[in-house]
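Chain lettering (A, B, C and D) follows the sequence in which the chains are written, and residue indices restart at 1 in each chain.
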Amino acid sequence: MSLLNGIVPPVLTPLRADGSLDLDSLDRLVEHLISGGVSGVFVLGSSGQVAYLTDAERDTVVDRVVALAAGRVPVFVGTPDMSAARVIDQARHVEARGADAVVVTAPLYSLNDAGEIAEHFRLVARAVSVPVVAYDVPVRVHTKLGVDMLVELGREGVLAGVKDSSGDDVAFRRLVAANRAAGSPLSLSTGHEVMVDGMALLGADGAVPGLANVDPAGYARLWRAASEGDWTAARAEQDRLARLFEIAFVPQGRSGDAAGIGAFKAAAAALGIIDTPTMPAPMRGLTDAETEQIVAILDEVGLTR
Amino acid sequence: MSLLNGIVPPVLTPLRADGSLDLDSLDRLVEHLISGGVSGVFVLGSSGQVAYLTDAERDTVVDRVVALAAGRVPVFVGTPDMSAARVIDQARHVEARGADAVVVTAPLYSLNDAGEIAEHFRLVARAVSVPVVAYDVPVRVHTKLGVDMLVELGREGVLAGVKDSSGDDVAFRRLVAANRAAGSPLSLSTGHEVMVDGMALLGADGAVPGLANVDPAGYARLWRAASEGDWTAARAEQDRLARLFEIAFVPQGRSGDAAGIGAFKAAAAALGIIDTPTMPAPMRGLTDAETEQIVAILDEVGLTR
Amino acid sequence: MSLLNGIVPPVLTPLRADGSLDLDSLDRLVEHLISGGVSGVFVLGSSGQVAYLTDAERDTVVDRVVALAAGRVPVFVGTPDMSAARVIDQARHVEARGADAVVVTAPLYSLNDAGEIAEHFRLVARAVSVPVVAYDVPVRVHTKLGVDMLVELGREGVLAGVKDSSGDDVAFRRLVAANRAAGSPLSLSTGHEVMVDGMALLGADGAVPGLANVDPAGYARLWRAASEGDWTAARAEQDRLARLFEIAFVPQGRSGDAAGIGAFKAAAAALGIIDTPTMPAPMRGLTDAETEQIVAILDEVGLTR
Amino acid sequence: MSLLNGIVPPVLTPLRADGSLDLDSLDRLVEHLISGGVSGVFVLGSSGQVAYLTDAERDTVVDRVVALAAGRVPVFVGTPDMSAARVIDQARHVEARGADAVVVTAPLYSLNDAGEIAEHFRLVARAVSVPVVAYDVPVRVHTKLGVDMLVELGREGVLAGVKDSSGDDVAFRRLVAANRAAGSPLSLSTGHEVMVDGMALLGADGAVPGLANVDPAGYARLWRAASEGDWTAARAEQDRLARLFEIAFVPQGRSGDAAGIGAFKAAAAALGIIDTPTMPAPMRGLTDAETEQIVAILDEVGLTR
């Protein structure tokens, strides 16, 4: 079974109205995901607002989800940081707390070339025992991981998989083909909420859609249809989920983080999955009018409390 | 006296051949800077390779430099991180260790808008007692701080100064003028090694040139000439230092971090200021041929051991 | 029938060894495309190296292809230029020469906002009688056309279709959905060689793949399979064509134009479709070694003279 | 005398209220510039809105200004286009009409590498007899011309000068130094309105400021002071002109072209230098409120009709 097989949602980090972690909501959310049919959960990702959590909060989230998952599904943990030395500190730390795999980006802030970035992944992989998944997210990290480098690191046993949030579908199809030609050392997953059918068609092993926090069962159905080769059903479910994804475009004139994750949290709160849609400072939550529009979309696609 | 007045070098972090901190070299380097006539020192900046240092190493560097400076010059400390919550943890930590001011970038990894970034600085400033300097470095942080926002945050007492490494000289001149019109709440410093004369002419309060690790006395002379209105002498010294800055362009086909800071370290080691030019992994040091070219430039501009 | 229905290749512009237009090869190429089963031909596109052709050469190409097509398939003509005033001159000119539709980008060189770009398309559409297709190619034009603007211009009757070469699959799926919700005023076509199956699955009306110059029959088969809902066959054909597309990655260390179109020309010449793979100055053609690798890929996917 | 010595304004293209060329205003503007003390005039530049002019309009502008200048000052003519073949057509054309030099950008729309861009300039230079000035404007052309390439093309006799509108002051200082070391084959000019004093200090031969349309005498005074080494006077004049440049920031929420050139035209019209501030479609002119703010700034810096 491929490491990133099926649907592995990047888990939202629910907050109480005062901005502190809301662990009861986190529990409820994770149960909602598992009962919805996901294959794993990914904490401390971009949708989990890892950037806004202190080290102490990160520890709390990891501990809670590891305990709750209790081996039912694997727990992937994100470790974004500026360099190999710092990622290693984080990766060893979360491995010790029970992470089943770590999800590692290219360096932040640093100005490294492709050779240095490959070595960055090698240094991290050497320092931990759990599998390393490369997280390709140029919109945040400002580096695109190359197809040849990823497959080579797969061959070397450095990387076990790739979560592709690059939006570069040409590169992803080339990666799928090159990985297959190399004996499939990598498990390949797309981060794109609205392209899961197409990516499954071309050979993705799974998907890591933030929107699955809102409708895990929908994504599970989509994946099942795709796995069975029922592309008409897969497309229909994906079209429904693409309509649902329009919640991310309801907020206008907001930052990327405030709009997208704000919409996911507003929807999850409206559905009662989490208690409040509170956003970490300095971001503000959505307006009532925006939330109403989001609720209307939830109704439209058949999601109700 | 303006907070960032004169030359405040971003201090290199010397390493031993095995990659561990070389504190004896750090001491020597800091003494070299102070005796060269600098007005302050800035540790854990980009030239200090802050991205490559673990939390423990960062603590060691801050402690060592604070102890050595011993109040002779102020110690500025960089705290780059992903969000206000995380920068606050770092800023309080270094304040407790004796930092005289903290140097704060816009958020990394996060996708925030201008309003959120202004609030980011407000949250950090509220959490510490020392002055907060904004570090505008879009090449690393991928955000340009706006003139109006900076002056407004100066007026509010949130920011005490700006280290401008944006390379946007039009914006910097506008910032100088707007700051003056607002009663000069901000101390304004340029990070550009080769434009100190021109920036002094237009009204900068100081400069934070990485190259000053190699020739602090040269930059002190340049600044003195500019302060005295002797622009011919200032230009001549700047032309010499611009020639010296060509060491940063000796390495070809290297990453931004490996070439620039690699050259500064190679020069500092060749001059005996630090023991080795060791670079943190995954970067490799310069080749012998590159080092020879750098030594030739040192000779040319009159710098010898 | 949707305007951009099926496969509409952007026709290469064959040159003789001395750099002049090779009209006999152009004839042969267009016949090869039509007999391969394409639904239309698009001249003076990026693959046609429109940027490198003088006004006189552009006229010659349009006249020749219009005459040869002789109504068997529609002839789309590209009119990239810096502003509406200049595009209008070009668009009226090619309309008079027999173009069936014009393909228009956002302004080049100019620094316009979204409202001005919408107005740009309105001005052009008002000036011609033939349908206007928007060509969304941010890698060249440095502007991404927004989903809402495109659908609105469709509703207004300004645009008849969109050729999407943006590489932004999320936006393309949103465009397909929004267009459908608006009553499908736009015909929507993807420019991506390796994603035709996935884009057909999500509802594209057609594709404009440069690689179809090399294997029009393969793309025609792919499109037919997709149209019949035989996604397994569509994917198999697309996988074969994705393998063929690896010819574009054979040239290393080349510019974007020299590598991609150079490879298409080298392949077309190797297959005898055109006489020589000559590239316009200042680009140089591929090396013999590169051409050999390309020929090996042609063999591998079953394309031989 | 250096080709680009002193102040060479990029001449605005005045329009009548109906959008047609206003040649009387153009005459008045050019006389205003010459009597203001400029060293040359540059038509069909970005400030001249070359992108928005048809070929016929371009001809008219060149003819009129060549006739009016009548050898009193040299006339530089811009020829932005997509490739060498097309630039050659334009450059030969304007040479025949009396241009004293042509101003050439890197290719538009094309995806060329550094070697191809160097060859682009060689091809153009070979095709004309007048001097070729490279126009480095990455914000429009999306290519930065390298220091080494420019100096090499100077050495070869391909380029006679560079108009630097890149905003990269580090590169410009390196260019000045490298050009001097090569025997000064290039005449080097800055396009930045607010940095003329600093650029003169570091060795620029001249400036090409769009704002000089509004206050040519101010720029002439600035340049004279700098030439005489009176840096205090130069800075004071530059500070005044930097204050004047704030007119470009009056329009909020406008496109780059609409705001900057819109402000220059509004100021020139308010001063009676041209009849109307009409902008070419699809841009709209500034509002009355914006124009009032601009007039207030004109008053403040002592410019009145």
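Keep in mind that, in the parts below, a contact is a pair of C-beta atoms (placed from the backbone, for glycine too) under 8 Å apart; a residue touches a chain by one contact, two chains touch by 3 or more.
A quick note: this is a predicted structure, and the numbers were derived from the prediction, not measured.
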Partner chains shared by subunit A and subunit B (touch criterion as defined above): none
Most remote chain, CA-based centroid, reference being subunit D: A
Between subunit D and subunit C, distance of the C-alpha-averaged centres to the nearest whole Å: 36
Interchain centroid distance [CA atoms averaged], subunit A/subunit D, Å: 49
Subunit D, residues touching no fewer than two other chains: none
Pairwise chain contacts, counting only pairs that touch as defined: A-B, A-C, B-D, C-D
Complex contacts: residues of subunit B adjacent to subunit A: 46, 50-55, 57, 80, 82-86, 89, 107-113, 115-117, 119-120, 122-123, 139-142, 254-258, 280-283
Residues of subunit B that touch subunit D when the two form their complex: 167-170, 173-174, 177, 192-195, 197-199, 201-202, 229, 231-232, 235, 238-239, 242-243, 246, 249
